[in-house]
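One chain, chain A, links the two complexes that follow: it is found with chain B in the first and with chain C in the second.
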Partner chain A sequence: MFRIRFHGRGGQGMKTASHILGSAFFHEGFEVQDAPRYGAERRGAPIFAYVRAARGAINERGIIRHPDLVIVADESLVPVPAAEVLANFAPHTTLLINSAESAETWRERLNLSSPIICLPLAEAGEQAELPYMGVACAAAAARLTGVIGRESLGDTVAEELGSLGEEVVAENLRRALAAFDAMADHEGCVAEGEERLAAPAEGPDWIEMPLDLGEQATPAIHAGATSVEVRTGLWRVMRPVVHEDHCNKCVWICGSLCPDSVISTGAGGYPEVDYDHCKGCMICVAACPRHAIEAVPEHGAAGETAATHEEASP
Partner chain B sequence: MTRQLLTGNVAAAWGVRLAEVDYVPAFPITPQTEIIETIAGWIDKGEMDCRMVTMDSEHSMITAAGAAVATGVRSYAATSSQGLLYGMEMLYTVAGWRTPFVLTNVSRGLSAPITLESDHNDVMAARDSGFLQIHCATCQEVVDATLMAYRLAEDKRVRVPVIVNLDGFYLSFTREPVDIPDPAKAREFLPPFDPGSLKFRAGRPLSEAVAVLGGTPYSYFRYELHLAAMGALAVYDEVAEDFARLFGRRYDAVESYRAEDADYVFVMLGSFSTKARDAVDGLREAGVAAGLVRPRLFRPFPVEALRRALAGRKGVAVIDQNLSMGKGGVLHGELLSALYGVADAPPVVAGFIGGLGGRDIGPGEFREMISVLEQAVADGETPPPRLLFSAEELRHVRKLQASAHVEREEIHRQERGDTERDET
Partner chain C sequence: MSEPVIKGMKDIPSEHILGAGTALCAGCGALQALHEIYDVLGENTVFVNSAGCMTLMSVYPFTPFRGGWLYTAMASAPAGAQGVRDALDILLAKKRIAPEEDMQVAVLSGDGATYGMGLAAASCAIDRDLDFLYICYDNEGYGNTGNQTSAGTPHASRTATDTGAEGVPGYKKDLFGLWVANRPAYAATVIGAEPLDLARKVEKAKSIKGPKLILALSPCPVGWDYDPMETLEIGRLAVKTGIWPLKEFVDGKVVHTKTPHPRTPVEEYLKLQGRYAHLFSPKRNDALIDEIQSRVDAYWDAVGD
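So, the complex of A and B:
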């Protein structure tokens, strides 16, 4: 059985990716199971989706415990604990990551012995490639399995995205085939995992649940202002960066339009963004009369501003 | 206090008055409305220091009752039938908040077809909500159970809301002599609400009932609610003991009437059980060793007390005033699960559906149920659940259907006539 997991952010098409890969397997005669998994639905929040494909009936369900292939569409998710990108990696698990950096860099960074493949999905001059991430990831994954043909993939993309119109299908198809072709050297490198994983040696550590008094056993938070602990900045895909050389210092505009109140007046009277809590809606970018705020893709933005994802993660 | 003639509804209102409830969100529904009218009258006359707010629905009413408790006040609500179902989402929610208050449900059959009379399908629908349930058989029990329910709900070991159930019409609009507890003694039995950590203030932010994602924290909170409900069995016994000491009336979790030496026992909930008492007396006179076992507590389900009360009996007739479509009576299934695998459990536990929509249960029917048990014991085979419904009743329904059918035919004939005229 192939067990494949996609990681991305809400809006990056991970559910679509799992559908495309699932359908492509299905076209090739496999039994398939594909599903997304997420918490509160919101753009930018970590989500994952998974695909199982086998020649026989599939009885497993839910979270994949030992993936054969993990695809990370957004490298900024790697340090986010809630994303659990590296959860349950087995020695044979292949990591396919959308990144312009090298596999060696990621191997050192993650201290992983598993095979790592980097696939830069952004095309030249692109700031963001959100709408096409899912389809490209699915196509790359299809090639890595070695059991899905180019034609079959093309048919699947047309079938899954057909309702969006010919133009959308054509562009997605181009991106899908480009990603498929880019993985030619790695064709078939992901093999099917064992059909039956060995039963865990240890039984569950069951307990008798103790009775707690009602005041403890109620789902209540007994203090205010705890929301600051939630780093909503981790949901951000695009980052607003202020260019002080163009800035008028009219902070009342970007500051008062910010729906999360994360823009304040900083040193020298310039707007200062609290990147721990900026969700990246880009309203400030649209509202700035001097066009002094730029939208920069998050994974390339670490060097542009002081706050980074690594610092932001709890 | 002297004994007075009170309806079950006014008895419930007296329970609320004696509990010195601070806040009553209200929404009307038959046959519960008289409770709220009575309380409103007392507030109007300055006899009760309480705030009443009329709400837009039972959904809002249950929410408001739970939210008020979260601010640290004693609150109360009453509803019935469709209203209980309309508020169902919030029953589960406020139980999860662990906000203790008392909700009176005046049992009434559910739509469709809509009806007004007594039937337990409404309160059975709330079985798994987390609310505890006390079922009353007399108007005296209604006022007493209301006070006991507050003690039980507010106990720190429990902290769970409680439904007090009384049957529509048979108790709600039926006057019986009621000994209204002395207010000073009532206060001694039920001291002012100690809210503990329940003290939400606008100026002191608190998140009640936060979301949890993932099965682990969810399992913890839901199971703690279950453990609190299970623990409420022992707390109920303490409360009942205390009540008996102060007021001289004893309300065990399971009432047993002439069941100790009985061969055959009726098991049922609510006010119809007094009919069974009469039947037991009549059967005893006729030489049949009959008895009655009535759970007052339905949640938590008093499993051990029921096992003890039924141990060694030859046969049990469970009379359910409710019907789970595709299965049978709810109490029947609950009792069977409590008795399964118990060494001296009765060999025959037969299910009967009776009293749906307030349908009477006659003395002859109680006698007949015993005959069914005797036959079952002799045969060693328990019959499937039976509806108490006579040939005469079916003739009555056929007559109604015939009239409805005739009218329908007439309308069709007229419509056909109209069409023909239009075409010519």
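So, the complex of A and C:
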């Protein structure tokens, strides 16, 4: 049985990726399970999706604990504990990561002996937020299993995304086949994992918990606004930059309309953006009556003031 | 009622007290409204939060709030608010806290809890004349779990549970109307894209004792399927098209605080959102678009516009 786990951020299409890969397996005659894990559905949150495929009946259920292939669509998830990217790696577990860096770099960084394959998905001039990431991940995974043909992958993409219109399908198909072809050298490198017998049912280890007083049993936070410790600035792919020469200093507009309260009145009365926390929604760009706030790509933004801390996991 | 302080945009608090760093989505219309509301309410507020998107606000050990916060199951936030109000009243009566240490109690619920499960608890709290502010962030669906249909989801929009060519067969419940029928001390509809109108209403609600509703339409980039940057434009269009009437119930009557003249066709609002894309492509569904428009027109005709 193939056990495949997808990691991405909300909005990168991991659920769709698991659907496409699952359907592609199905077309090749496999029994299939594909499902995302229930959790926060917001954009940017760590998302999990799973695919199981076998020639016979699948009796396993639930999340995949012993993956044969782990696909990481967003390399910034690796250090996020809540994303559990590296959970339960066996020596044969292959890591496929969307990264422009080399497999050796990742091997050093993660101190991992498992096979690592890097697949840079961003085409020239593209932002980190790719609408085609999911389809490319599914296609690359399909090639790595060695049991899904190019044609049947293409048919699956067209079938799964058909409702989105011809143009969308065509571009997704192009991306999918490019990722499929890019994995030619690694075709079939992911082997099916061993059958796992259900562990014999054991009674839980009971721990007798004494009844605590409410104030001990209920976690309380005794300081205000501790959320600022979480650096949501890393969500951003575009950043708002204030051009003071055009600015009217009407900070009550951009400051009130910013959902995250990250625009305050700074030096000289101009709006000051807290880049440690700005999530990059660009509502301020839309709100500015003088068009003095510009959206610029985060990657290589002038005056590196980007958040440097990884977001803390809840 | 005290004399209002907020008269123009410049009177809106420039100090933003809601902490950044919450896990809510970029461009969240609910967070936009909530931070504007909180800025007017002030730090001395206990939020009684029922399960929903705002669950993500306060994830131990992080909170964006500076006062109190209590978490409840979906249907029971108004009951939680009763408990907190009673506890504060007892502390006041026993002089364990000074009058200036008293806090306002605010329920924070989404439309799933407000229009559905929590409705009875809210109605009963109004019956008991509980002194609390009920804030509903209405993103017209169960947003936190992937935008399933709620009783606040509008007709013909597409959700995770109504995926057909005609979208949701039902109609958005008139929650404001239900509250008014319950004779609260105050009720108002607001939207984050109109911060001045919102601030004036919250200021008014703050000065009145008894059960009060602030119902905030909350554009949702994920559930409504649009670019987060459009939250503002979609919010403004909700008001300009007349789909989201800004109004308040005070002194026994309903008053509209902003009457769009002339009303922008609803189409302009609908076509910005992916949840209505099936009304325009692959084939334009004039019957449904016209139905939505005629319902909006009928509302304003009845208002006497």
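Note that in this section the second predicted complex is superposed on the first by the 207 of 314 C-alpha atoms of A that agree within 3 Å, B and C clash if a C-alpha of one lies under 4 Å from a C-alpha of the other, contacts with A are read in each partner's own complex, and residues count from 1 in each chain.
Rule of thumb we're sticking to: a residue touches a chain if its C-beta (ideal position, glycine included) is under 8 Å from a C-beta of that chain, and two chains touch if they have at least 3 such contacts.
None of these values were measured; they are calculated from a predicted model.
Asker: Does chain B (first) or chain C (second) touch A:Ile283, or do both, or does neither?
Answerer: second
Asker: So, A:Ser264: does it touch chain B (first), chain C (second), both, or neither?
Answerer: A:Ser264 sits against chain C, while chain B stays out of touch.
Asker: Tell me the contact category for A:Leu161 with respect to chain B and chain C: first, second, both or neither.
Answerer: A:Leu161 contacts neither chain B nor chain C.
Asker: Report for A:Val230: first if it touches chain B alone, second if chain C alone, otherwise both or neither.
Answerer: second
Asker: Just chain B (first), just chain C (second), both, or neither: which does A:Leu96 touch?
Answerer: A:Leu96: touches no partner chain.
Asker: Does the superposition put A:Ala217 against chain B (first), chain C (second), both, or neither?
Answerer: Touch status of A:Ala217: first partner only.
Asker: Name the contact category of A:Met209: first (chain B only), second (chain C only), both, or neither.
Answerer: Touch status of A:Met209: first partner only.
Asker: By residue count, which of the two partners contacts chain A more extensively, chain B or chain C?
Answerer: On the superposition, C touches more of the residues of chain A.
Asker: Let me test your reading of the model: by the given contact rule, A:Gly255 touches which partner, first (chain B), second (chain C), both or neither?
Answerer: Second partner only, chain C.
Asker: Intersection of chain A residues contacting chain B with those contacting chain C?
Answerer: Shared contact residues on chain A (touching chain B in one complex, chain C in the other): 40, 219, 221, 224-226.
Asker: Quick one: which bits of chain B touch chain A in the complex? Just the residue numbers, please.
Answerer: Those residues of chain B that touch chain A are 96-98, 100, 156-160, 196-198, 204-213, 217, 220-221, 223-225, 227-228, 231.
Asker: State the interface residues of chain A toward chain B in the complex, per the touch definition above.
Answerer: So the residues of chain A in touch with chain B come to 39-40, 209, 211-215, 217-226.
Asker: Enumerate the contact residues on chain A facing chain C in the complex.
Answerer: Touch list, chain A to chain C: 10-11, 38, 40-45, 165, 219, 221, 224-232, 235-236, 250-253, 255-262, 264-265, 274, 276-277, 279-283, 285-287, 295, 312, 314.
Asker: For chain C, which residues count as touching chain A in their complex?
Answerer: Chain C reaches chain A through residues 9-10, 12, 14, 16-29, 31-32, 35-36, 39, 43, 53, 56-67, 69, 143-147, 192-193, 195, 221-222, 228-233, 281-282.
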